[in-house]
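First subunit A sits with subunit B, and in the next complex the same chain sits with subunit C.
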Partner chain A sequence: MSQPAPLPLVESLLDAPLPVSGIAWLDAARQQNREAFAAGGLPDTRVEAWKYTALRALAQRRFAHGDAAAATRAVDTSTFALPGVEGPRLVFVNGVFRADLSAVDRLPAGLTLQPLSQALRGDAEPLRFVLARPALIGDVREAGDAFARVNAASAVDGVVLRVAANVKVAAPVQLVFVGAAAEVELAWHLRNVIELGEGAELSLVEQHVSGDGPAQLATLVSDIEVRGGARLHHTLLQSVAVGTNLIRRSSVRLHARAHAMLHVLELGGALVRHDLRAELIGDGARFDTRGVFMPHGRQHIDTQLAIRHQALNTASTSNWRGVANDRARGVFRGAIVVAPGADGSDASLSNKNLLLSPGAEIDTKPELEIYADEVKAAHGATVGQLDERSLFYLRSRGIPLAEARALLTAAFCRAVLDDLPNEALREHLSVMLVAQLPNA
Partner chain B sequence: MNMLKIENLHARVEGREILKGLSLSVNAGEVHAIMGPNGAGKSTLGNVLSGRDGYEVTAGSVTYNGIDLLALEPEARAAAGVFLAFQYPVEIPGVNNTYFLRAAFNAQRKARGEKELDSMQFLKLVREKLKVMQISDELLHRAVNEGFSGGEKKRNEIFQMAVLEPQLAILDETDSGLDIDALKHVADGVNALRSPDRAFLMITHYQRLLDYVVPDFVHVLADGRIVESGDKSLALKLEEHGYAGLGEGAPA
Partner chain C sequence: MNNESSTTATLRGNAGVAEVLGRSYAAGFVTDIEMTGLPPGLSEETVRQISAIKQEPAWMTEWRLGAYRHWLTMPKPDWAKLNIEPIDYQAISYYAAPKAGPKSLAEVDPALLETYEKLGIPLHERAALAGVAVDAVFDSVSVGTTFRKQLAEAGVLFCSMSEAIREYPELVRKYLGSVVPTGDNFFAALNSAVFSDGSFVFIPKGVRCPMELSTYFRINAQNTGQFERTLIVAEEGSHVSYLEGCTAPKRDENQLHAAVVELVALEKAQIKYSTVQNWYPGDENGVGGIYNFVTKRGDCRGDDSKISWTQVETGSAITWKYPSVVLRGDRSVGEFYSVALTHHFQQADTGTKMIHLGKHTKSKIVAKGISAGRSSNSYRGLVKMEKGADGARNYTQCDSLLIGKKCGAHTFPYMEVKNPTAIVEHEATTSKISDDQMFYCRSRGISEEDAVSMIVDGFCKQVFRELPMEFAVEAKKLLEVSLEGAVG
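Up next is the complex of A and B:
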């Protein structure tokens, strides 16, 4: 029996030379992840977490590794300028840190913000726990981690952000990941390590933008540690060009009484996937997520939210809205586990979706597993169309059909932005949502 | 020329004929009451006139200021000056009442080629109307009809009417579900808007609204047609004898 021909995507990713850091544990981890990817390959739709996201088309593409011109590509900074966000900033272009576009002088005391490449040249040891974590290497037959393995093998840069204990960073920190059009189809990878010390506070804005041009594949893996009593407010704004494939994993760990709130806007991209994992490992930890995904054209946006309550009296709320237009597809999976011993926990999950055209599709799957006592839990998901009665009501007052549809769709989405504390940013995101709507 | 001329109107809902040859003429400045038993076609008439989906006109015509009203989209009817006060106003969470009303107001002006108002100008207009309608401005800050009581919803309809200043206002069972105080408020609002340029079509099951908004004409709608027309005394007669035995003396 002959082996099937290797997929072009897998081949091109394996062709990339393994980066060499000279740090023994890191190079070994890269090697192991490369081997695990080679052995496990890509997940197909038989893997539960990839059931609704087929990689067939992407798997036929070849991406060049690394952009030699990344350091000098012209980038229009207005593409990532945001009102209400004028603090420290790190910018990466095609996977490469750009000091010229970043703002890291005069960092407030207690805030460390630097590119991973730079952090590794200093004392790499504090990063060892995260970067050499064996979890991804594990069972080679588990292909679901394919892109995390690729990332672990190939990423040479990313964000290292630390807030010292009890430091409250006033201005929001901005992380910008730019895909700049190159001459070829390009793959790039970034690895982010974020940690808030005990009692620290940080507001973080993460942006993904890209220009039109040849297709790209970007992988980003972020580890976010929120220590006891710390507070993180994280806003994630994704508006990449239609040729950009973006595959991300964010893992958040929340210690005792830590609180993270995440607002997500997923507006762009070709194939976009976000694995968002949270572990509530300390008593009284809290995790709140709000998100909107709004694919149109032939876009595919997949959010996989997995929350594990592992300690007493932990709480999570998740409120997500999906709007799919044209022939686009949205996927949402919200899996909440209340583990044995996480007594007194409170979990709620809601995902409401709108289909704006008959060719659009949204697959939503809320899952709730409870193994603890005294747990309050609620979950629900709906897929529907705009309410005809509301549409007629607006039209009967003189509002044209297209405008009425946009008004109702924006109202449907806007609820998830209500508790975003940065008012200027909230207004801006609200406008972006409306601008995304057909005929708005 | 009549402002509104309905001739031999036949309409179906879900394949069932509801209006069966309804004719009616309304002139500017007049208030017409349409009364009738449940199922006579009263709400269907309001919905057909405002252009709601699902109502199929199979015969007849509706002419409004000389144009074929039935050929217009609902938003174009609104811009032409037709207003329907809903029997069941719709709650629209997430859309602010003032924002909605300004969008409607400006959409109508734009459609008519008139200048749109900015938010300051519009707010000034709204405050004047609130005063006339005796409505608290707290209503403005809420989402459209969301969490409104039955009375507040109906008053919000009349308030919208005051702002949009239609030529032809159709009030669909605006009195239903109101206690007597709320009914008086709504009636005061309607009376304040009566003018020589404006006509009202008041669709109602009960006579009591007509104690407060006195109509020029009363029509009885039964089984899809106007079976009797008269002045306000007809409403009193109906109150006394009910809808039974209607139709004697109706046009054949």
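Up next is the complex of A and C:
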């Protein structure tokens, strides 16, 4: 889908100097991804995965590359303080690691937590498999991977997190990605590599925050490997400012009997996109996702969830809620694939949505692709309003309409937090959800 | 129908299984009849020739040429979950007709009548007993329409499309292409350029059509494509039920069928359109079979109108078909009931679109997919609630049944909602016939084949209920035949 005249966004991203690491394979991979992006360009809405997310407006902007002042920008740490989350912490500001804001001095044994830039200065070889993956380079005409290619070409930092086999990390690890207001419109990129060894356990909190100011474009690509029997609790809280465009791809691979549970709150941003892919490659693996997206104003929040069952007796459950208000648009795709031979797969997905305003829009697309017969697979999706009878019940007990609505909407969203194990965090997130509601 | 219902009855017993095993595709014979037609190839000249053979007015020729020129600029759609061998559009003959053109039903070639007799389609004296008016389309032309007189008395126009273009040009001109424009999609554009025949139905204001109308499509000639065009217009307050059936001989090469069906329902009108699609599906190795690329769309133009699609899809090597309803009038209703069965190497990508524009419009979708063998069966549907669709409602239910380890069953529903008072609900499940169900039936002495056919029948009941009686019987039987060899 290459365009005749280069789009300002593409031009500005291609103008950025290609980072040089001195590691031959990494520099080659960056070069190849840069070329693939230059050849493939941006996806338009004819590309199925971008059908409901038009990049037209974003494509007309130019973003400066890198923030020279990132290491010294003042950041209010209270913007990412969370109750129940007081463990090791890694903070990045405008794509740059900030040791002064991070907490990595007393890491428990078996936990490696360091910025990618630092990891690459040591032994880069273990990262080669992930960072030089050829998949993105593939067919250059395929524009769907545009941002992942930009990220692979330009990201110089990110998180490297490893938990050694059979290590259970008690305190939750916090990853904070801050967009701090700069003088110009800024683009930055981060690459995260996370691995839980066999039998390891980790609770992870990923946060995206940003300040008001000139618009930003951030891309984040995360690879999460959960080895045999390991358990991951991952909470993702996105509450960036309305000027921040955030495009992420997270790929989770689950080995035999591994279990990952993910809770997602998508609350902020301008154009927000999350490609969340899970592959259940080991027998007995399990993946559970819970999420809520609440676009308001003119926000556009797009979640593309794709779960692939590739082994025997794997299970996945997904429960997502969307609430769109004002002139906002919520997009959800929930695809479940059961590969040939993945007998005993049990997959269910539900996406319920509320439309609160005549200017808002919800586009949802649950998908099932089933190639094995010993399976249970079901999905459901609804778009509608609050239940009139419930509203009537509350009003008949003297609760004003606006309050009754807020109450029911809050209950609708909070359902996805029910099984979040960290109680203090769960309460905090509930309060955040309620605060986001109209009439709150 | 008589001998066919008895087949159904014997199927109940174990003795019937052997018979069914031998039957496979019963409609696969070839009628040896003298044919005339155009040589293979497609150009503006071909389009002009078709138009000339059919003695069409100049505006019609221009309409076709416009569609053809547009088609040349269009890319082939590749979004469906189908593997389609490239089609050589120059290798297809776009017009084939029995040489001795019939003047009336009495003069129809006996070989042709025999063909329809074999297929169980009452064209002649048996028609009176069946009480269904039939338009039979053989390759490119309509060979006869029954019950013309009785229908004319009620004011109903039911004839072949070629005849309608000659006899009722103003009606055709007003409605043709008004639901599916010539440039709507690749196959609709091709159809608009080269369509040869089809049925035309016009139900005037306030008339309830006195009998079921039906068209039976038959592809016979080799290397031909069938491109029929059906237009049904139901004026204010009228009512019609229309049935469509199709078969083709067994051949090793793939044949192309690209039809367009347009329905127009004005205020308070109701159209019920039922299809039993049994084009030749190819053999158990995936050789041959019809490529079925069909555009079917209904337009609920008037308030309180209703369009209901029911389809049973068992045939064709490839099915690409999305009968849709545009719910324009306030309080209009759209329905879609579908059973799609694929076996061996068949591929189906079928579903519906419900476009809600008017206030308090309602739609209901019930889709049942059954995959067996190495087949691939996808439901693809769109429910769209536009800004003006206050209080609109949709309910969708999609269930897939897998028989065997090598087939695929897929569901791709799209929901786009722009109105905060609209409600859209979608549910889908995928499962196989459970061991418990099988064990229960087997322990009561029911053979495996019969048990599968009973369970499948139950799975499809919700859709079969919507079919006119005779079609329901035929559909049930078709499923049994199509599933032959799927178990064990």
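Note that in this section the second predicted complex is superposed on the first by the 437 of 440 C-alpha atoms of A that agree within 3 Å, B and C clash if a C-alpha of one lies under 4 Å from a C-alpha of the other, contacts with A are read in each partner's own complex, and residues count from 1 in each chain.
The working rule: contacts are C-beta pairs under 8 Å (C-beta built on N, C-alpha and C of every residue); 3 or more make two chains touch, one makes a residue touch a chain.
Values in this document were obtained by computation on a predicted structure and should not be read as measured data.
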* **Room on subunit A for both subunit B and subunit C (clash or fit)** => fit
* Superposition-derived comparison: subunit B or subunit C, residues of subunit A touched -> C
* Can A:R327 be said to touch subunit B (first), subunit C (second), both, or neither? -> neither
* Asked: For A:R73, is the partner it touches subunit B (first), subunit C (second), both, or none of the two (neither)?
  -> neither
* In the superposed arrangement, does A:H428 touch subunit B (first), subunit C (second), both or neither? -> neither
* To do: Tell me which partner A:R277 touches in the superposition: subunit B (first), subunit C (second), both or neither.
  => neither
* Could you read off the angle at the CA centre of subunit A, spanning the centres of subunit B and subunit C, to the nearest 10°? => 70
* Asked: Between subunit B (first) and subunit C (second), which does A:Y393 come into contact with in this model arrangement: first, second, both, or neither?
  -> first
* To do: Scan A:A415 for contacts with subunit B and subunit C and give back first, second, both or neither.
  => first
* Asked: Given the touch rule stated above, what does A:E403 touch, subunit B (first), subunit C (second), both, or neither?
  -> first
* Asked: In the superposed arrangement, which partner chain does A:E374 touch: subunit B (first), subunit C (second), both, or neither?
  -> second
* Structure fact -> Distance floor for C-alpha atoms, subunit B against subunit C, superposed on A, in Å, equals 14
* Taking the complex as given, what residues does subunit B use to touch subunit A? -> 50-53, 73-75, 77-79, 83-84, 86, 89-90, 92-95, 100-101, 103-105, 107-108, 111, 160, 164
* Structure fact -> Within the complex, subunit B is touched by subunit A residues 387-390, 392-401, 403-404, 407-408, 410-412, 414-415
* Structure fact -> In the complex, subunit C touches subunit A at residues 79, 385, 387, 400, 402-432
* **Touching residues on subunit A, where the partner in the complex is subunit C** => 48, 52, 340-341, 353, 355-358, 360-385
